[in-house]
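Report on the following structure.
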């Protein structure tokens, strides 16, 4: 689905005459391989290059060096640009700054309109996508009256209406409250499971990552760790050094291990920890 | 330096079709030096309440006393109140505007009538308190990272020497380390200076870790008010109003449901670890 | 105060006016405005009042909601009235105080001017209140379509308008927030002379501009990510085509205009009903 080879990107700062004044490497020789239908999470602190990487998948940015392929299409090929953007949709952090329409359904229709989809088909897609994110009954509302979580789901519907195979969510929950956060993550999980859409979730909320199929951790533009959530979260100290965190259950398990309890590595949920502790107690 | 809120009501757009009763008969007492967590889902009235505390919004009815004086009294100086009760808004970095960090932080003290030197002195002190060294003073605030901008903005309020510091979700959008750094700094400040801190937050874990007292708002009313352990005991009711307890509460409840004799009032990782060890070692 | 501005906001309701083709509403608004300027005497304004009242009723937008928008122009309105009232010379002096005087003609012009302004705002409010900005832009784009041949960027202008309308409430809210944040830092936007007041605006305007640019940047990126590439090859979710009711509306509107024109001619020709 998505493949990157030695992907590198430099932000250039230009002086007044347009000469390159300084360069900052945001993504540094990243190799990625993401298979279709997976739920992928990318973790990293602010400024670790994860958003810059995400913008490459949608061809908003193109690599300074190296190559990125979306479904076999090289993002540097300009005549493939619209196909790539249709194929890999993108949801951004700020819910207010990505809704174009003043009515929910008109906003969802914006993408298909740009793709030149016939009118009847647009209506079908709008209805289908709003239904998929659970926002159908708000179709005639103004986005300004919705909560943050609802706005993000409208934004997801807007991408869904373009019939993508992959959706990149760039910190979609950073500005939301816990209720909104949960609703957005559940929506992403549902689309992944039921529609088979590849999800690439960029976040720094650890709880959102627990159910991902594969996690990449970024630091200074490089992928520094990858694996399934269990593998990643068993490295508590390493994550803390990367300005990250682990889920609360994992943190407690780690603390208890330090105090000498024989708990297994990579406990991710409260239920798991309760089970393990009860087993320990019964053996005592 | 206490705050007393008496029967405060606030109604938006009174008398129109859009009337919203944002605060309903609020009664609160905030004594000196407390670290308070104010929680509630979006639209529960918590932001409206904190804006009352420094006079940005005037109650439709009811009274607020600061240090025993009625802030709606005729001769009461709102400017004075605002210097005593500092309010840091959500995403405070969006209010930065000066050419360099130091002058931005000076804005508050200058408005209060401090001389340039005095303002700079206070600004430097405030910057130091949020962990921004001298090397940043002459930098443009717009060149800083998100977390640094946020600290500068918080310093902008601290420089006014408030007795009460209210922070509306100071960690929104920051990464985990950034969140901890800001909250640790605030805790230190609260301890060192003995000021009152009101922390508006969505994160139950943060609230459990730092505060002495939790006030829960729902539909413009105070629903719970007490120590973290006490308030989180009502985790089922909290869930009903769109909130939750910290993860640790769920763990303890989970163990208790399996027949463990364990203290369910613990809310932080350290307390939980202690409780679990204690339980495992007991007979 | 800032929230009171209703111009440019959509009021969702199911009414005949809401359902009309945006082109009909655009043309009607323009025709109505022109009609206000050719109106003569009480008869003219009476006809305009009847027409406006009919449309407002049909639109199902609460009258109170609509008039909130008038508060924004109160100052301009009062200035206009005062200028007309005192500066226009007439035959009969109704009131005199020193060099100030009000004449019959001045009073008449002032009243008519005020009515004209109020109707103008109400008329355009109805259009924006009953038409979603997207519809409005679609309508405008289609009406101005012929100008494309002259290389006028019609689609781009329409898109810009629609985005501006969408962001007006967001930026107003933002203004309110930044203002409060600066007041919390001791800023004073109210007292002082003009220069001090202008200076006091800096801490408000700088953050506001930065925010507007950031939003513009984000929005442009979001639009590109959703394959926006100008008007070429775009289809419409809600394509415009005239229905029966739109044709009826055109007849009504042009009928109204004809009546207005005839009445104006009659008034000036025969001088009937002239005050």
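Per-chain residue numbering starts at 1, and chain names A, B and C are given in the order in which the chains are listed.
Heads up, the rule we're going with is that a residue touches a chain if its C-beta (ideal position, glycine included) is under 8 Å from a C-beta of that chain, and two chains touch if they have at least 3 such contacts.
For clarity, every value in this text was computed on a predicted model and none was experimentally measured.
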Among line, ring, star, complete and other, the chain contact graph is complete
If chain centres are mean C-alpha positions, then the most distant from subunit B is chain C
Comparing A-C with B-C, the one with more C-beta contacts is A-C
Taking each chain's centre as the mean of its CA atoms, subunit A sits from subunit B at a distance in Å of 30
Whole-angstrom distance, CA centroid of subunit B to CA centroid of subunit C, is 43
Subunit A contacts subunit C in the complex at 55, 58, 60, 82, 85-86, 89-90, 92, 94, 96-103, 105-106, 109-119, 122-123, 126, 140-142, 144, 158-159, 162
Subunit B contacts subunit A in the complex at 41-43, 145-147, 172-178, 202-203, 205, 242-244, 246-248, 250-251, 254-255, 258, 260, 269-270, 272-273, 276-277, 279-280
Within their complex, subunit A touches subunit B through residues 44-47, 93, 147-148, 174-175, 177-180, 204, 206, 240, 243-245, 247-249, 251-252, 255-256, 259, 261, 270-271, 273-274, 277-278, 280-281, 284
Subunit C residues touching subunit A in their complex are 10, 12, 132-134, 162-163, 165-166, 169-170, 214-215, 218-219, 221-229, 233-239
Touching subunit B in the complex, subunit C uses residues 62, 64-65, 174, 177-178, 180-188, 202-203, 206-207, 210-211
